[in-house]
Structures are given as C-alpha cells and as structure tokens.
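The chains carry the letters A, B, C and D, assigned in the order they are written, with residues numbered from 1 in each.
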Amino acid sequence: MELGMIGLGRMGANMAHRLTQAGHTVIGYTRQPQKAEVLVQEGAIARGVTSFVELIEALTPPRTVWLMLPAATVDATLHTLMPFLDADDIIIDGGNSHYIDDIRRADQLKVKGIEYIDCGTSGGIWGAERGYCLMIGGALAVIKYLDPIFAALAPGVSAAPRTPGRELIGGTAEQGYLHCGSHGAGHFVKMVHNGIEYGIMAAYAEGLNILHHANIGKQLHQVDAETAPLRNPEFYQYDFNLADIAEVWRRGSVISSWLLDLIAIALLKDPDLANFEGRVSDSGEGRWTLMAAIEEGVPTPVLSTALYTRFSSRGQSDFANKLISALRYEFGGHLER
Amino acid sequence: MELGMIGLGRMGANMAHRLTQAGHTVIGYTRQPQKAEVLVQEGAIARGVTSFVELIEALTPPRTVWLMLPAATVDATLHTLMPFLDADDIIIDGGNSHYIDDIRRADQLKVKGIEYIDCGTSGGIWGAERGYCLMIGGALAVIKYLDPIFAALAPGVSAAPRTPGRELIGGTAEQGYLHCGSHGAGHFVKMVHNGIEYGIMAAYAEGLNILHHANIGKQLHQVDAETAPLRNPEFYQYDFNLADIAEVWRRGSVISSWLLDLIAIALLKDPDLANFEGRVSDSGEGRWTLMAAIEEGVPTPVLSTALYTRFSSRGQSDFANKLISALRYEFGGHLER
Amino acid sequence: MELGMIGLGRMGANMAHRLTQAGHTVIGYTRQPQKAEVLVQEGAIARGVTSFVELIEALTPPRTVWLMLPAATVDATLHTLMPFLDADDIIIDGGNSHYIDDIRRADQLKVKGIEYIDCGTSGGIWGAERGYCLMIGGALAVIKYLDPIFAALAPGVSAAPRTPGRELIGGTAEQGYLHCGSHGAGHFVKMVHNGIEYGIMAAYAEGLNILHHANIGKQLHQVDAETAPLRNPEFYQYDFNLADIAEVWRRGSVISSWLLDLIAIALLKDPDLANFEGRVSDSGEGRWTLMAAIEEGVPTPVLSTALYTRFSSRGQSDFANKLISALRYEFGGHLER
Amino acid sequence: MELGMIGLGRMGANMAHRLTQAGHTVIGYTRQPQKAEVLVQEGAIARGVTSFVELIEALTPPRTVWLMLPAATVDATLHTLMPFLDADDIIIDGGNSHYIDDIRRADQLKVKGIEYIDCGTSGGIWGAERGYCLMIGGALAVIKYLDPIFAALAPGVSAAPRTPGRELIGGTAEQGYLHCGSHGAGHFVKMVHNGIEYGIMAAYAEGLNILHHANIGKQLHQVDAETAPLRNPEFYQYDFNLADIAEVWRRGSVISSWLLDLIAIALLKDPDLANFEGRVSDSGEGRWTLMAAIEEGVPTPVLSTALYTRFSSRGQSDFANKLISALRYEFGGHLER
C-alpha cells in the first residue's frame, strides 16, 4: 500500500523502514530536504516531500497519512493539513495523543468525510528490529482496509511462544496488533499500557535500590535524639553486584521481562549509572492513566506512587518537604541535618 | 513525690519544671554542673547531681528514676545504673524507645526486683505549658503508685472540651495520661501516635503543595515529545496566600488541629519557608510503626508513603531514579532534561 | 442583609439559622411547604417560598441568592433561575462544586451582569454551633459587600487561640472566612481542604487499625507454604482500649485535632463500630484534588492512597485482586484460601 | 553428583526430575512410601527413603542434602536432622527462608563443621521445563563444589538472548544461577525478587482493572450530595476484550514479560476470572522486603502499596474503613450506602 508519513524522527523513520521493507510505498514529509535524501538513500522512504501540498499530490486518493508527532503538535498539524484532504482520506495518529482528543478529532474530521484512526505504538527505538505493538481505535472497515500496514509494522506471531488455546480463536492480537474499539480505544489502551510501564519500572527500581543499599550496616551512624540507630547492622553487610543480579533474573525467574533485559544492559554498561542524575521525565500517559482511574473510581496506588516518584525526582516535593521540616522545628525545635 | 531525672535536655528540663511546680521534688542528673546550677536557680530541680552514686544516695528508697534520653543511649545508661539500684526501685523510660526493647528490659530488671515502666511522651517543646500526653505501659500497681507524677505532667481534663459520655466512665484518659497495657504498651501506642503524626503532616504538606503550585498555568511550557503540555493552563492561575489559608482553616473547618495551628505560625513567619532545605529527618517511630503493621498484616499506605517521602527528601531514591532514567534511555533513547 | 437560600437540607437550614440569629433576613426556597413552615416556626427563616418566581419577588434588588445544593444539581438550578435574575444580582454557590464549573458559570452569568461567588463551606452538621469555615472566590467588591453574611456564618476569632503576629496583619482569615482569589479560588481551596481531610482521616484510621490488630499474636496460625508464620507472636499480645487511646491523645499530644475529638466520640459510643460496614463514600473533592495535583505535577501519595482505600472499600479492587490470584495459580499452582 | 532431597512437593519433585535427567543421583525423603514409589517409577528419584536415618545411610559422605520445605518448618527439620550429620556435610535450603534465619543457621551448623547454603529458587511449577533461577548465598568453595547441581537446575544461557558485552565477562549469571554473596545473600536477593514480583503483578492488575471499568459511562448514576457524578460519561464507553489486550502486549511492547504471558493464558481461559474470589495470599518475602527497605531507609511506595492491596483483599482494612464511615457520620451525618 501507499502511505504518507508525517514525522520522521526516531520513531517515524524506523517505522518507514519497516513498512518499505514489507513492500509498502512510503512518502515521507519533512521540512529538512537533506534528511529526506538520507532516508531515501537508506531505503526507508520512496520519496521525500517538504510541503503538505507536495505530499497530497504524491499520494493517490483515497490517501492514507500517518502522523508520528509529539502529542502537543498534532492539532496544529491537522489544522494545517485538513484543507488539503478529501473525503475518504485516512489519518492515523500513531503518536501518544490523549484518547479524549481522538474522540474530538474523529468527530471534526467526520464532517468532511475523513476517517480518523488512533494507533498507540509501543516499541521505542527497538521497534525497527523487534516490530511494534499496535493498539488501534476507530471504524472496523477502515482498520480492516489498513491491515497490511499494521501487519507490516507488528512483530508477528513468531515473536513469542503461542498462548495455548489462541490457535482456536484467530484474530490479530497474537500478531502484535489489535483493533481495541471505537475512536480513542487505541490510545486508551496505549495510555494504560504506559501507566503499567511506569509501575513496572518503579518496581524494579525500588527493588534494586534495596539491594544497592544492602551494605548500610557497614557505615557508621551517629547517636542522637533525631535519628534512630540501625537496630541490626550485621544484617546489612552485602555488597551486591547488581548487573549480575539483573542478569540472573533474566532466565527462569518469575520477573523476567523485556524491561529487565534492558536493565541488565544498562547496569552492565554503567554499574553506578553515573551518566544519569535521576531527574525522570514523564510524557503524559501516566498522568492520563491516573485521571481515568480516578474518574472510574479504580484504585491505582502502585501506578500513582510510581508517577509521583518521577515528579519528586524533579524537585516537585520540595515545598512539601520544607513545610514538614518547618513543622518539626515548630513543635520539637528539631533542626534539619 | 520524689523523683530522679536523668536527661535534662529540652524535654527533660521542661518536664522537671512542671513536676516541681506541682510540688514534687526533682533531683536532676547531668554531667554539666553549670547546667544543674541554672536549673536549680530557675526552680526546675531541687538539686543537681553529676554521678549516679550521688543520684542514688540523694533519693529515698524505693526510688523513682525517670530517663529522658535518646533511644539509642537507654540500654547503656541502664547497664551502668543497674548495679546501684535496689529491689522495688522504679525506672521510667519516658523517651522514644522501641516497645520491643521495653519488653526485654522489663524482664531483665524484674530479676533484681526492679520495676520498669515505659511512658510515651508527646508534646514537644510546648509541653511545659500545654502539658504532656502520656501513654504508659507496665504493672498496674506501680502505675497507680506513680499517679501523682503522671497527673502533674499531663494537661488535665480542662485542656479540651469533654467527650459526651466520658463523665460516666471516669479514668485518667481525659486527664491526658493512660495506662495502655503491660510492658511496652505505652511505647507501642506512642509509636503508632508518631506514625499517625507523619501521615497527618504529609497530608497537610501535600495539600499545601498543590496550592503552592496552583499558578503553574502562568508558566511557559516547552513543546517536545518528552513532556505532555498542560492541557488547561487557564485553570492554574491562582496565587494563593498560604499563611492566610492555613489561618482560615483553623476555625470551623473539619481539618482544624494543633499541627495546623503550628503550620499557620510557620507560614506567617516565613511564607517561602526559606530557612529550610527540605531534608526531613525521621526518628524511628514511623519506621517501627510500619514494621508492626506489616507483621500484623495491616495495610498502611498513607503512613508508609508519608515516611517514604522523608526518605526521598534525603536523597534515598536517587539510585532508583537514575535506573529509571537509564531505562528510558535504553528503550526510547530519551535523555534527561 | 437580605438573602434567599435555595437548598434547606442539613447544611442550608443550619446556615439559615445562624444568619437569622445574626440579624439577617433569610427567605428560604423549598418545594415542601411544611418544611418551610417548620423552619419559620423555628426562627431559621423569615419566610418560605415554593417557587423561584416567589423567591425573586420576595427579594429586594440587587438580590443575593445562596445555593446550598448537591454539586450535581447546581447547573440545572442556575439554568432555571437565570431568566428571573437581573443585572447586579449575586449568586453564591456554597456547595461543593468543582472550581472549573465556577469559572465557566461566572463567565456565563457575567454576560447578564450577574455576579457569581463560589464559597467552599466546611463545618458539617456542627457548623450551626461552631460556625462555618468559608473559602471564597470571586470579585473583591462583591465579597466586601457580602462581608456581613460571611462574618455571621464564620466562627469568629475567639474560636481558637490567636496566631502570634496575626494581630499586626488583620484581615478576615482569623475570623474564619477568606477571599482566596478570583472565580473558582474558593472551591479550589475547599477542594484541597477535603483532599487533606481524606488524608488525615486515613492516617488516624490506619494507626488505630494497627492498635486494633495488636493482639494478633494470641491467634493460632497454620503452617503451610503459602503463609509466612508470625515471627514474634510474643510482641503482639496487646488488647488496646481504642476509645481510651483516642481520648488520651486529645490533650497535650501532637496529633490532637477536631477529627480526633470526633473519633473519641464515635469509639466511646460504639467501640466495635458495629453499626458500620466499612463501605466509605467519596463525594468528589478528593478526586478533583488528585486531578489538580497530577496536572500540576505535584506528588500526592498520601492523599491518593487515602482516596484509593475508599474506592477499595466499595469493591473497586475486586477484579485486580482476582487477576493476582489467577496469576499466582498460573505460576505457582497456588489456590486461594 | 549425589543429593538427598527433603521435601517432595510440587517444587521438590520437579527439581528432582530435572536433576535426575541431568545425570545426578537423587535420594528422596518422604514420609509417604507410595509417593516415593511413584517418583521412582517416573524416574524423578533414584530411591525413596522414609526416615532421616535411612537418608543419611543412603548418601556417601560428605553428603549434600537439599531442603525444599515451607519456611516455617525448616528449623524443626534441621533440629531433627542435625544429630545425623557429619562435618563437611552440606545443607542447602532452597525454600523461601528469611535471610536472617540463614545467617543464624549457618553459624549454628558451622560449630559442627557442617556447611550451609541458602538458595532462593524462582520458577514455580514451570521450572521443571523452563529451568530454575537460583540466587545463592554462602561460602564460595562450597558453591563451586555444588556447581553441577546448580547448572542442572538452571535454565542455561540459551533461555534468553545474550546481553551484549556479557561474553567478555563470563560467570554463571547468564546461565541462570549466581553466587550472590555470603550467608543469607541468596535469600536476600530472592526476597527482593519477590518484592519486585508483587509490584509488577499489581501494576498489571491495576492497569487491567482500569480497562475493565472503562465502560462505567454506560451505567446510570444517582444524583445526591454524597456522590460526585461522573463528569464525562461519554469518555467511558469502552467494552475492552482484556484477553486480546494482554495478548497484543506480548509482542513488541515495552511491557512484555513472562508474567504477562501468564496473564494472557489466565484471561483466555476465564475472561471474568470467575474462579477467583480475590483474596490474595502473601507468603512472607514481600513483607520482609519492606522491612529491609525500611531499615535501610529506602523508599518503596510501589512495593508497599502492592503488598497492602493483598492485605486489604483479605479484609484487613475493614476496621479502618468502618472508622472512616463512623467519622463521616459524626461530622456530616453521612450514612453508608
């Protein structure tokens, strides 16, 4: 099939590669002509264009245009692009949009007869090789029509052992892509996917932090009224090799996972993680996951505290902490140390 | 009554004052003769002594000795003091000992016929004036014998409106002191009291931090793939006066409390809390509370996350945060910002 | 002053009483004529009306109308009421509206020249006697005009000891009412107030639950591979009297508060809390508080887990728990017990 | 090598199988002669014995005895077994003992010259086929001597793609077994492993619970002062197929993992999880993980709230919830619904 790709960053370029390799024709839009040239030479895209007019002309109607953009820029792009589109053209938002925006956009585009598909895309920089997990929302007929695109991007069934019983059911879920429901359903599922991701990452990080501090009994502690002494320093005398521990967990353990594979890589390269300061970003989905949970009345203490740790890592608890120190001073005369 | 006080720091000296004012005779032990002199002049103690021998000789058997010491030094003090004590002497540990230590010490002292009483003492530097809330563990007869001591330290019933129905029951609870149960019961209740205190302090701190950041919509935010834009900056345009808000909550609101009174004081003095860095200490009871809860299988998400915020404020999440940043780099090529 | 009160439930009727006692004239709207009659006889309102037409006619322009309604019915009421209102009339929403709704409503009413004031009201059924804590948002001039109303409802400065330094500042905060900022500011502050309230309530509840289970060492435990035995049953042998403990904490302790006063009352009446099932409602503000915190990027682990506990108490964790049991069965063959 | 296996339950029998298949000679101890017979016929063990005397006689000194028992029974077994053991015999505790017990036991056995090895074993009922992940603590020489045993139980390097750079390092970590450190180190690492496992399981469970409730907008909600209405029911209209969603995440996504594989199996078999009530057990390691974290001062909000959810699922929050309902009644007259 033929597809226009708007957004040729890390994700978009890799996806174009994978589509081209599968025999699809990708017209790539970028404002940087040199970048387009490089991607053409690499065989990632068939042709590069630098304006929406060119893009629209290059595609045979009904056109399929994939957006792979920061969530914050999608509306502006759609606003500019819309006048060039015709009825039956298809827009796929493959980025990390809020599903509520998908519902609104689908309604707006519907007026002009344009189809809108939301597609949550997981896989990061490994997707080029590993394939992308695609969570898709929108009209069934459109998604069926786009099946060859999704199939090319997804990892395929061989990427993991088959779930017993799946052979009786069929469907695309075990290929690595799924029509999750109506407009917004794809990004809703991707949103929750990322919320879970935050929780899992924090679970590993907390556990490894316990192992990291397991030699605390070797340190001297001051005796004063402000601090409780470590009751049993003899139980905290371990100097663990975290790279080895992450590695050993990768095989046979209950907690083996792809994220653990990456932890093993990261710790082998840099056991002290000295290249990082520990200011952890969050890109929206974790927040939206919690808001949905709260609206639904669903308890999410793990996903919440995982996100809050990221907020704190960026200094967002500072005022609260100062207040507690101030209070301790007021009632007990305690000074910070 | 006559009582020896070991430990004349902030807490011990204030308590001696209150006891003396109530007509008791306090012999104060301190290694600094000048300090003793000052306290005698202030009328806090009847006499100062600088050795345990002197202290023991100064008291008429059966002696009552109150320890007001950092938890970490109680065992060493008891070890040195014990040879001087006789059967029927009474030791009261009024500090923040772990209740498990109380159980052990009571058993050890019992062998020599010495009585051990654990007394959790709340009130901080305000206790001199406000009275101390006393949570007491040990043998009933001993605690009854010491009643005049406890009554003198406690605030008395007039310190708060009477709970309807209390007049039919009697007991000392509404005087502000209570025999909670056998050895360790006093410090167990005090331990949980402090665990609750951590939770309440964190609840106020988190809420005020939300108000503190309620003007975030006025700040400019960068558009990139790493950060979700604030969806509705127009809803976060408030510059709240936190000192006024803490003050207004003190009267008529559901969350009025003594800690809130102190928050109002702290914020009035220093609205930006510029004198504090936000490194919050914890002195043991919060930790022990969680351990008891975990042993009992009692869920304590609020008390736990309150304590963990203190750990984090002292940099104890750093390694975990670095690991998450490293992971984000591995799967998505994300750099810290 | 003269004021129309729409909503004469528990809160509205008590507030009418307090206003009338202070010399204001309250016209009460209710669809139940008998109820109005009772309130007139009790002296709570000067007159009862059963239609908006009557209400509008009974009030001298510019009119002041106070809404004391469930948040979910405010918009419908405003919709019906608006045609009867004139420029310069004032609407006060004293219920628990979302502050975002206030911003919208103020804009809508502005078009007709009607003033809108949001007033977060704390105090519950005790407010009649204790006074109400009022957190107010809207235009300064209007709030100044309404000052006698707010002053009559608020507790007044004598309700609590004065914060040192407040005497130099003045302002209404220490009277128990406060102009917090522009439209929505009152309900924003009230929202956070309730978020804090959830956290404080949970802190006490968790702590008392630890005390409640402190006799777990007296129970026999089965030895099997599924359950860890209690390592030290001898440390969990306490049968605590929770009513007495709540009482003793009311005087002199760091955690004394008005909520603790109520805990002491509740536990004295019913130590086993046998009249309650433990299905805890939440009425919106706790949820909105978290959403605001998440938008702002402010960590709120304590307030969040407090709310989630309420969700769980109503069975909202059930599916998640079943999934974990199913997983344990899959990897370990573990059966539920 | 030759090895005595005490404990032939689900785990022990499977491990015996795997050892025998690798050419080792396993003498199995069980009090049930028929069970031994079955295991001999299946080729899991070379011979079954029903007394410790028989076991000791059947093994050539220096003997190796592997314990695969509930943690609560290890001390009693060791107590009975010890008189039969000789210097240089080796005891391996492969169950889920607390690492603090390991340190004590190693000291006690050392006196008789007996070697003690702690071995955390992960893999559950799948280990027979998948191999076991082994985390080992104790003396280096002993662990080297036992290498063929550990190698036979572990999955081997081919069980997962190699971590880039590992080939330069060697070591057994990538075989799936690891000498983690001195006595207790193996169970310490296994303890934290299980703590992480609780966190990961809860992350998936919370996320899937959000998806499970994503159709809440289709339900009718009552309007009252106690409950906030769902602000945007139109955003919660999704009926998600959770079995398909778990399946699609298995390939290409960031959160693919072995636990997710099992979730896909469980949901395919029983989408409503109707066979489970949601009372989730915990078997000790999660608790010990938190206690170690608290002693070390390491924040673990995710691991903690994951464990607390299990406690709550078994009714351990009930009293706390009743207290909150009682409080709501006291201040607001709110009734439970």
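The criterion applied here is as follows: a residue touches a chain if its C-beta (ideal position, glycine included) is under 8 Å from a C-beta of that chain, and two chains touch if they have at least 3 such contacts.
Values in this document were obtained by computation on a predicted structure and should not be read as measured data.
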| item | value |
| --- | --- |
| Partner chains that chain C and chain D have in common | A, B |
| Greatest separation from chain A - chain, by CA centre | B |
| For chain A paired with chain D, centre-to-centre distance based on mean C-alpha positions, whole Å | 29 |
| Whole-Å separation of chain centres (CA-atom averages), chain B against chain D | 38 |
| Intercentroid distance (Cα basis), chain B paired with chain A, Å | 44 |
| For chain B, residues contacting two or more additional chains | 124, 202, 204, 206, 208-209, 213, 231, 254, 259, 265, 287, 295, 297-301, 305, 308-309, 312, 316-317, 320, 331 |
| Of chain A, residues touching chain B in the complex | 9-10, 69-73, 95-96, 98, 124-126, 201-202, 204-206, 208-209, 212-213, 223-229, 231, 259, 262-263, 265-267, 270, 273, 275-285, 287-288, 301, 305, 309-310, 312-313, 316-334, 336-337 |
| Contacting residues of chain C [partner chain B, same complex] | 99-100, 103, 122-124, 127, 130-135, 154-157, 159-161, 163-166, 169, 171-178, 180-182, 184-185, 188-189, 192-200, 202-204, 206-211, 213-214, 216, 230-232, 234-241, 243-245, 247-261, 264-265, 268-269, 289, 292-293, 295-303, 305-306, 308-309 |
| Chain B-touching residues of chain D, taken from the complex the two chains share | 254, 287, 290-291, 294-295, 297-301, 304-305, 307-309, 311-312, 314, 316-317, 320, 331 |
